């Protein structure tokens, strides 16, 4: 993992991610891991007092520890380029992504935004148009794509190692919402089961877009149509059960299988040969998988390291821009705004299909035309 | 993972860990992960030019990017307490640990030192006496003890969950030195097979002390005597083969088993009951295992996260001292200098037993008396 | 595994299962395993010469080694009860099950028939009526239900160990037909891809009914409706890809998971507790799982042993009848003709749903009314 | 698995293996599995009444259901060759192996004897001389060598697939004697902890010779010397803890690993390549592993099937002799009397080494000279 030299670390601000938050802390650890990026500013909660307390936990300077994202944005715009943040990370609950991301994009900032991008396709397309107009870096943190073995899987599928793709199976199972967690004071549970905050889908909105993103990233294929079934098991909500992500891709000449809970292994079953188990950082991996591995074979890497690869990609892209080099978002390998748009549309179509008695529903759209 | 507040991040310097190094980069990522500690100074290689190039890679300020550890030490002693480092991390090849650690301890700095501590028991005891005299934080980075499930294992063994301990099996197998890696330009291989640099033992010196440390940490027991067999398979060296750490502890009422390559799982086989698989951050873990988990169950954590728990313990201990609170090295949970001393003596006794036709050899010593 | 005493082993004849056949040999090994049943007669192939050669391989006496099933049936009817077979096993290709089974049932013989029972619901119901009229033992060899851990799973689900069942996932993946095996002389492949021999469905007809049977056996629930998608990937056929059976049942209080390729383990994830791994013949299994285990814990049992449990159940039922005891087909635990009927209807409804653009299709029927 | 034709099944008698016995029932199932061998006579227990009750359970004819092995032997010697057994299986407690095996060998019968062969090297060598004099088939039922993947492992090691063998690790761990099972009426436990019945070693005597046999079979190497440590944990006995057999062989170019609890998989880690998982009956296995597989890939086989491969080898050898063909014990692949002798000597030397403060002890002997 090397980066072109610049004379300083990159600087970023965070919106959301205060004291009780889960994903904000993951973003911070991921950004910090490789010593390339410093957190220098924030508006870490929607309540001003809690925002500032959270900022003090993180050693933010008082004049960059804000009570609202609007104050943060105004303050950054006032600062000189030598002092200003290089990008902002938006890790609020989903329903706030759209206005915040839109404002920072319009003001010319690079953005990392948690997934799913926004609540509706209309918002997603609007945001996409703004990004295209400004030409910014805009990353959506589908962090599973940062796992080295997912990159190896993508390489193998797209270079023909398993022949033509015939079938893809993606499963994502969670157990933590099997009980009524939202009734026992869990903030994490509460917003996920509230349509005003979580959007039109519950578990599907939270994690369904991971499935779409893994499928698309690994295969390079686009989902043509889908036929979905959603059900609400817990009182008043959509619910998945158990806790693992599993991805399998079957082709004419073999299959590949990966499970998020043992992320350092990728199983490859070529037809007519023994299954083989490729592992992180081992001989013969593709360049992109090697680049995504920080440690020699036998040293397990996990969720945060995968996440950090998204941030490394963003940093690499921003540094290239700072140095006036041609930008290479594809080579940098982080999921961009089109991934975010596609994920939002996927969720909408799943719900549409489920509401109309599981009809097969096309996924075509304006931007594909 | 919370820490008592202070108004700033801790500052540290690194000795060793330049451009080609492996373990130095791991230390840096571990120190950075939780946003508590900043790298501000360094003497990153034994060659001054390479040292400074390596420091620039890491964005060190020019006046804190030194060509030798002696310069680094002199410079830090000149600085005011408001500016001075809080501790130093020593990640050089093993044969340099002793003089560097000794000098920083004598000068009053807290130290994190990579394992094995030093080359001989005489050096180890000398260093231990210096630490005891000064009262510093001195951590030895046996990072396996930072894995949440090792902490859970320790808790279960020491709280009697498997009855009396009857047998402990620790295996550490590596494949990377099976070929003559030292002849093909691997710096990592070269120093490990050179007695002048690696000490009296090869693989045993490199990783054998991990085994001793895991056994002692998990069981709370001390090795009374040992009977060892060492052999040299590759041309002129001691060699292990394959790549995994496995630790099993058998007691009168059950057994526990953990493998470093799937570190988020701990297998517990109670006699007369189905085996159960405890996982990181899941319900019912002990306090210390929960504290060592950064993410909810189902999100894999790895080698760097375990390593970072050593640094978090060190940071917690140093902060307590800065705040004038009673220091709590045991609660902080990082391996201290006595672990380092024990590891050095273990390696010596293994070699002694092997050289005298595998005689049973006692492990008693001055400090135990 | 104990059986009520009679003074002799049971005697059976086999129809089908000649020299090239796969499943016939499995039936024979399963029947032989426990020393309760002797093969004494046969019509082992549709070609008279091959039938007799196959019979000589199996040491059949010349006068009971027949060239056709009609000859076998006629010969047995001529014999005295002291000499006559106790039951017949039908292991021909699927399209011959109906006429052979019908003839033996009408003649008053007990029958073991391979799955799927027959090709159409009309045949299935006709056969079911005949069995009900005669009151015979009629077993359908869904052998997965003979695995001890499937019996344990059924016990746990039906006794409420995981609360209310919310979701069941059954996957059966095969790789051997991924290439065009039928073009390279494989008899096993040829009949499975020929609608005249295999019926209206390919892989679904061959193994889909296993999925239905596992679901029904384990949960005690009936499939209400289904929405199916079938596709033909290989030239002119329906195809599954890869090779494993996996069964998971999710309930309100936990989940159970079993994979046929490691059949001696049953994973139980109770919500809020570590996963536990129940193993064959270990402490605390239910009576029916213990009865289905032949060896102490730690000694793997496999496919043939599971199959043999079907035969043990059949033998237990036949012996009870020979001794004039009340018959206990349910306690004997082998799948009966209603399982066969249900499997045929399931395949028909899958095809019906797939042909009508994946409409949700009810599975109700005459016999349920 | 094919055998040369003869006009009849082989006939055998069993000594030991009555109602409470474990291993006798395993032998019977193994012998029955393939329809090649009939049990026709027995002396199934040391008590005449229990012996005959046990024989009736197995449907033995009254005139071949004996109260002692001496009666069985006398009766068989009176019978004509057309009626006489082809071989005897000895499955009594270990201390009775010697006199019974000696008597049947001297009388000219082929023998299958459970392991360990006898109690002392003197007995073993005496028996070996008798077998060599008579030229009989004499199999020792080390059934692990019947597993297809052990045969594959042997093939790979001996054909150089992992280069020169550098290290072999065999572990056999059991949990069932962790409690004082002998005090709670377990017949299986009682004789294993009684030196008069079990011999000079407890767990080592029971299962230690499996370890020696696996090592020797797989590598084709002979143990030169050993250094052993035995301890008695339970009241008055030697005890192993936990329940699995694991065998790993490390060579210069890779390693192989197999665990008895998942016997259908063999892991092969070639240096510099991904690990691969060879499975029973899959493409590319050696001839002897394919011959030892009864079912297609994906259908698990277990302990009894491995055991049955010993019996198939014996049957193949006996049939060849009946047909006057050159005998091929090596090709038949069952463990012969020299394996039994080696196992007894191994146990003796383990105890000798342990009693003399773990001295390195040579394993040379008369027969090797």
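Letters A, B, C and D mark the chains as written, and numbering starts fresh at 1 in each.
Just so it is clear, contacts are C-beta pairs under 8 Å (C-beta built on N, C-alpha and C of every residue); 3 or more make two chains touch, one makes a residue touch a chain.
No experiment lies behind these values; they were computed from the predicted model shown.
Novice: Could you tell me the least number of steps, going only between chains that touch, from subunit B to subunit D?
Specialist: Shortest path length, in steps: 1.
Novice: Between A-C and B-C, name the chain pair that shares the greater number of C-beta pairs in contact.
Specialist: Answer to which pair has more contacts is A-C.
Novice: Averaging each chain's C-alpha atoms to get its centre, pick out the one most distant from subunit C.
Specialist: So the farthest one, by centre of C-alpha atoms, is B.
Novice: Measure off the straight-line distance from the CA centroid of subunit C to the CA centroid of subunit D, and report it in whole Å.
Specialist: The computed centroid separation for subunit C versus subunit D comes out at 33 Å.
Novice: How many Å are there between the centre of subunit B and the centre of subunit C, using C-alpha atoms for each centre?
Specialist: 57
Novice: Which integer distance in Å separates the CA centroid of subunit A from that of subunit C?
Specialist: About 46 Å, centre to centre.
Novice: Where in subunit D do residues touch two or more other chains at once?
Specialist: 272
Novice: For a test of understanding, state which residues of subunit A touch subunit D in their complex under the given definition.
Specialist: Residue list for subunit A touching subunit D: 268, 272-279, 282-284.
Novice: For the complex, which residues does subunit D have touching subunit C?
Specialist: Residues 5, 7-9, 22, 25-26, 28-29, 32-35, 39, 56-59, 174, 176, 243-244, 260-264, 294-305.
Novice: Over in the complex, which subunit D residues touch subunit B? Could you list them?
Specialist: It is residues 166-167, 175, 178-179, 227, 229, 233, 239, 241-242, 248, 250, 252-253, 255, 269, 271-272, 357-358, 360 of subunit D that touch subunit B.
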